[in-house]
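As structure tokens, here come the structures.
In the two complexes that follow, subunit A is the common piece, with subunit B as its partner first and subunit C second.
Here is the complex of A and B:
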């Protein structure tokens, strides 16, 4: 029971982190109709910038300065890159963001090298918040949960309760009409792209110390973020939240509970062939859930796409 | 995006046959021109990449399907070929080595049939995402399913298992080269012919306007499905040739990195023209082998080149070449020569100047302290002293200024070369 509670908290941390990335990505998608492959690269940039800033000014200044920097770079990419490629159609746009992801990884390696950076949790948060029987929950995890929730709340408030949010929502559905009403829609697009990438930057700043800061961190998380918004339904913010939480809990539970295929197969009524090494089904019998934890999201995505191409909450085709 | 070649329906003309004959003769002659072992290794790699890139372009260029997991079919073909190779060795089946790529191809075809049955329902983003998901799934299961994929160390074999073909035992690199070259010509020809069949033509129609193709009575989904299967077949052949050439196949042959690389190669070469991917494969392999010897940062340059291609020349290298066809046909290409020299040569030097600064910055940041000397363009410079920085900066600024100044001249010449005599275009 205690372990379940701990896992729920761990999964929540992963899920909310994923959500912070996928929120920006899904907003950008609903606006431009293009999946930003480089989104996770902005997350990586956030982590590296924050590390560099924290060397001089400490963690908190990094948290404050790095995301706006990442957002500025994102806005520049939209203004000078994507807008140019937009005229060629969707596939070149997708390829452009893919190339951007490659380039950002190379640039990061150029400046910081291939090794992992010693980016640390701030000292103020290096204590145990509370314990569930024998499991300690570090304060940093609680901090991550609260920060993500605050950001989610703020995003929801801005999108649904403010004038800017109304214009953004209107521009998502009827860009031409909104433009005819006198709003600068390209500027709105650039702003949303910048804010979306800045959100990815925030995720990078707070995830960097936990998930380690190294040049491969974008690839590790990048495709999972896609999976999240595809499962949730492209363009749906609520769907992204649900999907992120599902994926967070799914992978956490699969990793902690060692469910073995052998047990499942024996329960169904198969007998284990002996010796196992000679059998052609050896790999199936020795399969365990921690082994496949990382590919479960992909399996889920392929199934969702086959049976429900809109995703869980999507209104339009992916 | 469209193919501009037109030809009559019946009968072969010299003009159609000539490129194939020349290319084949060229392939036969290559080992005599570049006889060293390393050159042949590069050429083998190049030929395999060409087949793979052409098969990828059957999806991206001809069918309009963007795949992020095409390496899966190549890798699967490679693994299958390796298993057949080991089986022949163990059980002495009468199968000569040159036939083995067929098994790789068939396995790629089988896998593509399964995946294509559900992934080709839509083009666009859904297809791209399914291909990504399937790619990740299979790449991840390659570490889990040890009996087929051999786990992390992959599986290896021995291509010289006996059963010589006309006395050839494939001990030497050059014998393998001719085997690969044979399959290169055969698969390229087949892929070209496929693009000329009604189904290949319909693939173009479905790419451009699926709705209209459906109104004509074709199922867009089945057209995509057939292209997808054919593409899987040729990717499998490429994988089998890889297995024969390197005698080892690992998880790296089907992971996302390779899928991304082949997208890069194909797009760089140009997806609108049949021979585009061939150019892309040749250029990329050269960059990979030659440039990587010169600099650690070659991937940075390739990434920048790729991004520049997407932004400024979305039709790729082949597209840029094809842009010159009208001018050449009108016999007006001479107008272009001088303006090209005037703009491109300063531009090249400008880029070299920038890359010199990039290299010095990299050296200054990452070299161990005290090691200030570095080799740069056959010179030895001190990356911490200001002089080389100043020289490189001045060279690039001046060169880019000259390029910019001469660019309008090139534009004017371009318009002149592309305007027919006695009329406005």
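Here is the complex of A and C:
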């Protein structure tokens, strides 16, 4: 029982982290139609910047300075890169962001090398917040949860309750009309791209110390972010949150509990072929849930695309 | 055509003889390992250690065969067996005769297989495979061949040494085994189960599982399982980011016992563990860094750190690869007839710069050497890793580990 509670907390941490990454991506995708392959690279930049700043000014200044820095770079990329490529259509945009991802990885390796960075949790948070029986919940995880929730609340407020948010929402669906009304739509695009990448930066800053800061960190998270926004529905912030949480819990529970395919098949009424080594179904029978935990989100995405093509909360087809 | 070739070979030979010292070709060693992606750090540090060993142990001393220098040629294989085979072919096409690879036994299996086939089909351009790190026991057992030499102690030998230490620790009653899902991870798990059953039948193995290699974002769920199982000790063969993230997650989740590992040091991992890893992380490895074994070893490490201020000598066995290869080439009197070199290499006894002597066992081409159990700590550390103040200090040593270990290798000799 305790383990279930602990898993819910762990899954929440994973899910919220994923949400912070996908929130920016889903906004960018729905607004500009750009599938930003470099999104996870901005997450990596956030971690490295924060690490570098934390060497001189401490973790908290890193948390404060690194995301805006990443956002500025993101905005510059939109202003001087994407906007020019935009006129040639979606494929060049795709290639552009793909190249950008490779470029950022190389730049990071050039400046920081290929080693793991000793980016540590701040000392103020290096304690156990509480324990559930023998399972420790580090204070840092609690901090991650609260920070993500605050950011979600802030985003939701800006998008639904403010003038800027209304313009963004309008520009999502009718960019030409919004432009005709006298709003500077390119500026809105640049702003959204900047904020989106800054969010990825925040995710990097807080994930760096726990998921380790190294040049491969973008690749590890890259594809799962796309899965999240497709499941949640493109352009839907709420959808991204729900999808991220589902993925967080799904993978966490699948890894913690050894659900064996053998048990499932036997329950349904199949009998195990003996000896199993000679059977063509060997791989299926010996499957366990931790082995496929990281594939489950992709499976879920395929199912969603088949049965609900615009995702859980989306209004457009993926 | 044939005549022409013969003539040009003869001409080339004549030329090379007349111009030995001045125009001698470098003896190239292809280094095929990950230089990009999740495991890039491990590979890059490997290149540096190879280049430094070649420079210091061979070239600075006048090279081999009266003046030929060693040159390391790096190839990026992205830890993919498929990519490795392409790079292997590129290396062979460039006329390289010595292939060094170590990261991932999956890759090593692909290379040893390809080298074996290549050498059978192309006797004129045979190559040797110098495996400095891939420790799947099968490579020197069922899947052994004459062209493959392993310079690291294999997973069985290391596990044998490790379980010798666990045997003496009465506090350990429950052991959790976790590893990456590929040949090496499976070999570690199998060896742990076998040796524990032999040496401490009272120990209960409370978990034995594999996770996808290089794909796991967050190890917390695995860590929870380890705590839930009530493990007193964890054994893992993980390396790279998988090692660091697993270790961090396990320590954070409230686990207090030792984590016995194969590769939890260097490439930033030591610094990233820092204080949290002290008293928890143990390594089974060859090559003693702390305390330094000799003035020569100290001088070597000092010079390495002077050249690569951010680097670590975290794969000491690389010095054995280079110095033994140099000796074998000198003894064989050729660097192109790899059969002659291989014959000199097998059954070679050599001094290890980092303590003791080493012996290349001819039956299976497994290097027999001292294996140490080392602790991650900041006390008594002469040479730290990652400039972190933390390093590895030898706690106990098994001399010439696995000298009499059985092998199922049936080697076909040319």
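Keep this in mind: the second predicted complex is superposed on the first by the 318 of 318 C-alpha atoms of A that agree within 3 Å, B and C clash if a C-alpha of one lies under 4 Å from a C-alpha of the other, contacts with A are read in each partner's own complex, and residues count from 1 in each chain.
Everything that follows uses one rule, which is that contacts are C-beta pairs under 8 Å (C-beta built on N, C-alpha and C of every residue); 3 or more make two chains touch, one makes a residue touch a chain.
For clarity, every value in this text was computed on a predicted model and none was experimentally measured.
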item: First (subunit B), second (subunit C), both or neither touched by A:251; value: second
item: Contacts of A:283 with subunit B and subunit C, given as first, second, both or neither; value: first
item: First (subunit B), second (subunit C), both or neither touched by A:301; value: first
item: Which superposed partner A:131 touches (first subunit B, second subunit C, both, neither); value: second
item: Which superposed partner A:100 touches (first subunit B, second subunit C, both, neither); value: first
item: Touching partner for A:78 - first (subunit B), second (subunit C), both, neither; value: neither
item: Partner chain in contact with A:35 - subunit B first, subunit C second, else both or neither; value: first
item: Set of subunit A residues, in rising order, touched by both subunit B and subunit C; value: 109, 113, 219, 291, 294
item: For the subunit A and subunit B complex, residues of the former touching the latter; value: 35, 81, 84-85, 88, 90-92, 94-96, 98-100, 102-103, 106-107, 109-111, 113, 219, 223, 226-227, 230, 234, 280, 282-283, 287, 291-292, 294-295, 298-299, 301-302, 305-306, 309, 317-318
item: Subunit B to subunit A touching residues, read off their complex; value: 60, 64, 66, 118, 121-122, 124-126, 128-130, 132-134, 136-137, 140-141, 144-147, 256, 260, 263-264, 267, 297, 299-300, 303-304, 306-307, 310-311, 314, 358, 362, 365-366
item: Interface residues, subunit C side, partner subunit A - complex; value: 35-41, 43-45, 181, 209-212, 214-218, 220-222, 224-225, 227-228, 241, 244-245, 248, 252-254, 267-269, 271-272, 274, 310, 386, 388
item: Contact set on subunit A toward subunit C in their complex; value: 3, 6-7, 10, 13-14, 105, 109, 113-120, 128, 131, 134-136, 138, 210-212, 214-216, 219-221, 224, 251-253, 255-256, 258, 288, 290-291, 293-294
